[in-house]
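You will see two complexes here that share subunit A, one where it goes with subunit B and one where it goes with subunit C.
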Partner chain A sequence: MTARKELLLSAAVVVLFAFGPWISPLMHLDVSIVSGVLVIAIAVMSVNLLLGYTGLPAFGNAAYFGLGSYGAALSVKYFQVHFAEAIVIGTVAGLLGGLILAPFLLRRRGIYFGLLSIAFGQVFYFIAYRYTDVTGGEDGMQVPRPLFVLANAHATVSDFGFYYVALAFFVIAVIAFRTIVRSPFGRTLIAIRQNEPRVRYLGLNTDRFIFVALLISSTMAGLSGALSGLLINFAFPLQLDWHQSGYFVLSMILGGAGTVWGSLVGAFIYVIGNDIISTITSWWQIFLGALFVACVLFFPRGILGTLQALGRRAPQAFGDDDDDDHAAFDPHAVPEAGRGV
Partner chain B sequence: MIEHIGPQLFNGLVLGAFYAIVALGLSLIMNLTGTINMAHGSFMTLAGYLAYTMVLRKVPFGWALILAPLIAVLVGIIVERTLVRPLYKREPFYSLLMTFGLSLMAEEAFRLIWGPNGVPFSPPPALAGAASLGFMQFPTFRIFIVVVLLIAIAALALFLTRTRFGLRLRAAVQDTEMIAALGTNTQVLYAVNFSLGIFLAGIAGVLAGGMLGLSPTSGNALLMPAFVTVIIGGMGSLFGSIVGGLLVGIAISMTTLFIPAASEVSMYVLMAIVLLVRPRGLFGEEGIFG
Partner chain C sequence: MSKPLLALDGVCTNYGKIRILRDVSLTVGEGEVVALLGLNGAGKTTTMRSILGLTPPLAGTVKYAGQNITGWPAYRVARLGVGYVPEGRRMFKDLSTLENLQLAENGRGGAWTIPRVFEHLPKLAELRSRKAGRLSGGEQEMLAIGRALVANPHLLLVDEPSQGLAPLIVEDVYRILGELKQTGVAILIVEQNALLALKIADRAYVLDSGRIVHSGAAAELAADRDRIRTLMGLDVAPTG
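Moving on to the complex of A and B:
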């Protein structure tokens, strides 16, 4: 896909979503559910940066997501902050979570990193679960959506208004994400995924790159969590649980690891499935699990990744710049250490 | 408070023995193939529910304790041969993702078959009640659990160190290609190794069902402490899993006694401290799994 074509396609998607509140009723979807898709897509992107591009099994991003949600909810409840401030506080909470965990996570790579992410992520789950006086414990905490205040004017944020807030943040996140992964920094992350020792031999401190990637990822997850908490007016411990992390990873793989738009596709499947199909049939979770198993086994590039691979069957010239989304992730790569062959 | 320390320490050891045996199964599978088995908890729950159903159908508890894990192993072998095996040649986290998908399916399947709420699964009358250990009274079932888990651990140690097959298994952990080149069928090793892990999980699942209750998520509740156990003990070390499990069990039981609200968080604090002092874990080898 040429850069021009991609820009047009991206613009088309954004324009389509700009009419979301009018299109979604035609599909019998509540507009808040489409908001949910956009919000979750940001969290999926945060996993994508670590797993899809840097090759780190980020199985603990729900921790930052939940911190964002609780950060927003707690600040609204106890400090009566307004809408915009709540988003900022939640996002910063996610970033702080990343800062706290980074010293532990940075020491390890591969599945060890994954195991540490899962384990340390659970700390926040149990804090939210146990610290009942403040967080409401297992029941979570219901918080009415705060007012939006600018100078002396203030307004309530309706579901309709929230949709455009979510869309704005989503577009910003996509642009930022795309800029990051195409920058020299992002290229280095991809190089780390492909062969970290080699990057280190080139004289780059890979720990520092991964540290920054981790902070970006946790910030994005925190933003997504803050928006999610404000969208459903609710923060609850399961948002911090490792299952939630798994759902993010699952959405990312389904959509297409290492692709910019795959996160949106994955989030769409997950949110629609979870909010709509699960209310119709109790088989949804089985179906989701089976879909995921099949995806890992048969099309590990995910939906968008597979489509893109089909779309460029002819091998392209080496160094073709338009191609880098796919270069980010090669599921068929041979494991380096040769373990478990 | 002080007089509770003894019994609570014992409870911690029982809990720790559970974590150790689950972690042992995880480590076995992880060491050989790099697979983090997220469905490990599901196999525990499966064995627990199977034993529950058997006991309902008047199968003696002792038989259920053996048969239920064996059926879980059968399921495990099918899963390993059909679903996990194709992923061995890919990066390890694919099997982590795949088994996560499996655990989602399993959890919902348990809910559909055995109901969404926990089922009462109490130990047989012969093991109910309390026994005196001279200086203190302990519930008989917990003593039974400790004995069974100790036997399982000892049997595993003997198998790995005293049999040819165990020797090959340990050799394969070090260098799979070499052991294959020397004429060992590594696919059989993988299958047996996976089965061993599931069997340990199955026994733990049945016993935990009798002690901690049985629900669609009860196995997963044991999985997280087992992960922490593996990290504390050090990845790549089976001995580390045993020590780590006991440490985690004692840490949890002691904080339950003194600071109940922190009981779950305590093991993570322990893990953080261990990792800060020794990033590879207590008995982990440097360089293994990054």
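Moving on to the complex of A and C:
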């Protein structure tokens, strides 16, 4: 896709979302559901950076997500901070979680990285679950949405207002994400996904790159968690649970691993599908699971990844050698042969 | 011979419990081209991996420019100025030609820059924005060599450069290696095609079942076909 086309398409998506509060009633959706899509998309991006681009099984990103949510909720409850401060504190909580876990996670690769991520995530889950006095335990903690304060003026943040806060953060996140994956740093992450020893003998300390990727990812997940907590005025242990991490991974694969906009597509399907189907049947997870199985079997590049690949088949329209497809995390991909570096 | 740039002394390396290298000792001098010959499975690639720290030796030492680098992580060995052109080329297929080169540029500085690589390998310049996965085998070999060059190595480890390439392209590759030799880069070249490697090498070692079974001047070995036949246990087809 040419740069101009990509810019136009991206702008169209953002403009479409700018009219979200007017479009969503037409689809019988509450505007806060669409806010949820934008917020969750940021968490899915955080998984995409690690799994889709770097090839690290990020099966524990809910830890940072939950830390963001609890960071915001606890600071509102115990320190009466305002809206913007709560977002900052939640985001920093996610980053700190990444700083604490990264040195341990860095020691392993492949499936062991994934298992370690889950295990560490569950530690945070049980802390929130057991430390009832502070966190409300299993019931979670309800906190009223704090006021937005700027200088001497303050205002309540309505669901309508929140939507635009979510949209603003989403746009910032997408721009940052795209800049990162297009940078030499991002290119190195892609190279690590393909063959880490090869990157090492070219003279690059891959641990450092992965460390930074982990910090970026945990910060994004923390931001998403903070916004999520403030959106529903609620923090609860399941936000830290490995199931939550699984939903992020699932959304990423559905949308398209290793694509910038795939995270939004995945989050859209996950959040909206969840909302619509769960009003019809409590077995909504069966449908999500079936969709996921179909996705892995028939279009492993995800929805957006598949569309992009189809687009490239029309060479007169898109075909050039400098297209920006990275067939990322592909469950059908044949791993590179054994000892080859 | 002057003080060696690379010196392996009594290196033993295992894959799991299986011993691959047994007491391998060899040297490569400044600006010298050394061929490491042997059959499939003799331990040639493992020798290179042991130097690079990709499979750290269990015993013995690897010294580079007098410094003991045994078991160092690969990225630190690379930063000292050891370039590697792996067997089967091994590009980052999702990255463009240019990006593959940029990845290897390490800011150590030196004569080789990306524009200079493009100048020497004009084919690569034409293909700068093409994904490496879409290059032909010969183009990938050029890129692999270019990638090793932009890091400005003092020592280049080249693994089976002729493997799977058309004869004309093999000639091209060896021409470039010959040019490199002129610029003073030391090269350790692993090759099954013995006569090909012996043409540009100063000295040669022959590996068999993980042991060095012969070492000596390349020209001497090249002239003695019977010797090659006994050492490598196969008929050597005359080339070129």
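Note that the second predicted complex is superposed on the first by the 318 of 341 C-alpha atoms of A that agree within 3 Å, B and C clash if a C-alpha of one lies under 4 Å from a C-alpha of the other, contacts with A are read in each partner's own complex, and residues count from 1 in each chain.
The rule is simple: a residue touches a chain if its C-beta (ideal position, glycine included) is under 8 Å from a C-beta of that chain, and two chains touch if they have at least 3 such contacts.
Note that this is a predicted model, so its numbers are computed, not measured.
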Could you say whether A:199 touches subunit B, subunit C, both of them, or neither, answering first, second, both or neither? second
The chain contacting more residues of subunit A, comparing subunit B with subunit C, is B
Now for A:293: first (subunit B), second (subunit C), both, or neither, which partner does it touch? first
Which of the two partners, first being subunit B and second being subunit C, lies in contact with A:25: first, second, both, or neither? neither
Identify the partner contact of A:190: answer first if only subunit B is touched, second if only subunit C is, both if each is, neither if none is. second
Under the stated touch criterion, which partner chain does A:126 make contact with: subunit B (first), subunit C (second), both, or neither? first
Shared contact residues on subunit A, subunit B side and subunit C side combined as an intersection? 339-341
Name, in rising order, each residue of subunit A that touches subunit B in their complex. 51, 55, 57, 59, 104, 107-116, 118-120, 122-123, 126-127, 129-131, 242, 246, 249-250, 253, 282-286, 288-293, 296-297, 300, 331-335, 338-341
Give every residue of subunit B touching subunit A within the complex, in rising order. 30, 32-36, 38, 83, 86-94, 96-98, 100-109, 111-112, 176-177, 224, 227-228, 230-231, 235, 261-262, 264-265, 268, 271-272, 275-276, 279, 289-290
Over in the complex, which subunit C residues touch subunit A? Could you list them? 45, 49, 52, 54, 73-75, 77-79, 84, 86-88, 90, 92-96, 99, 102-104, 106, 129-131, 134, 147, 151
Which residues of subunit A touch subunit C once you look at their complex with the stated criterion? 184, 187-188, 190-191, 194-195, 197-206, 321-322, 326-327, 339-341
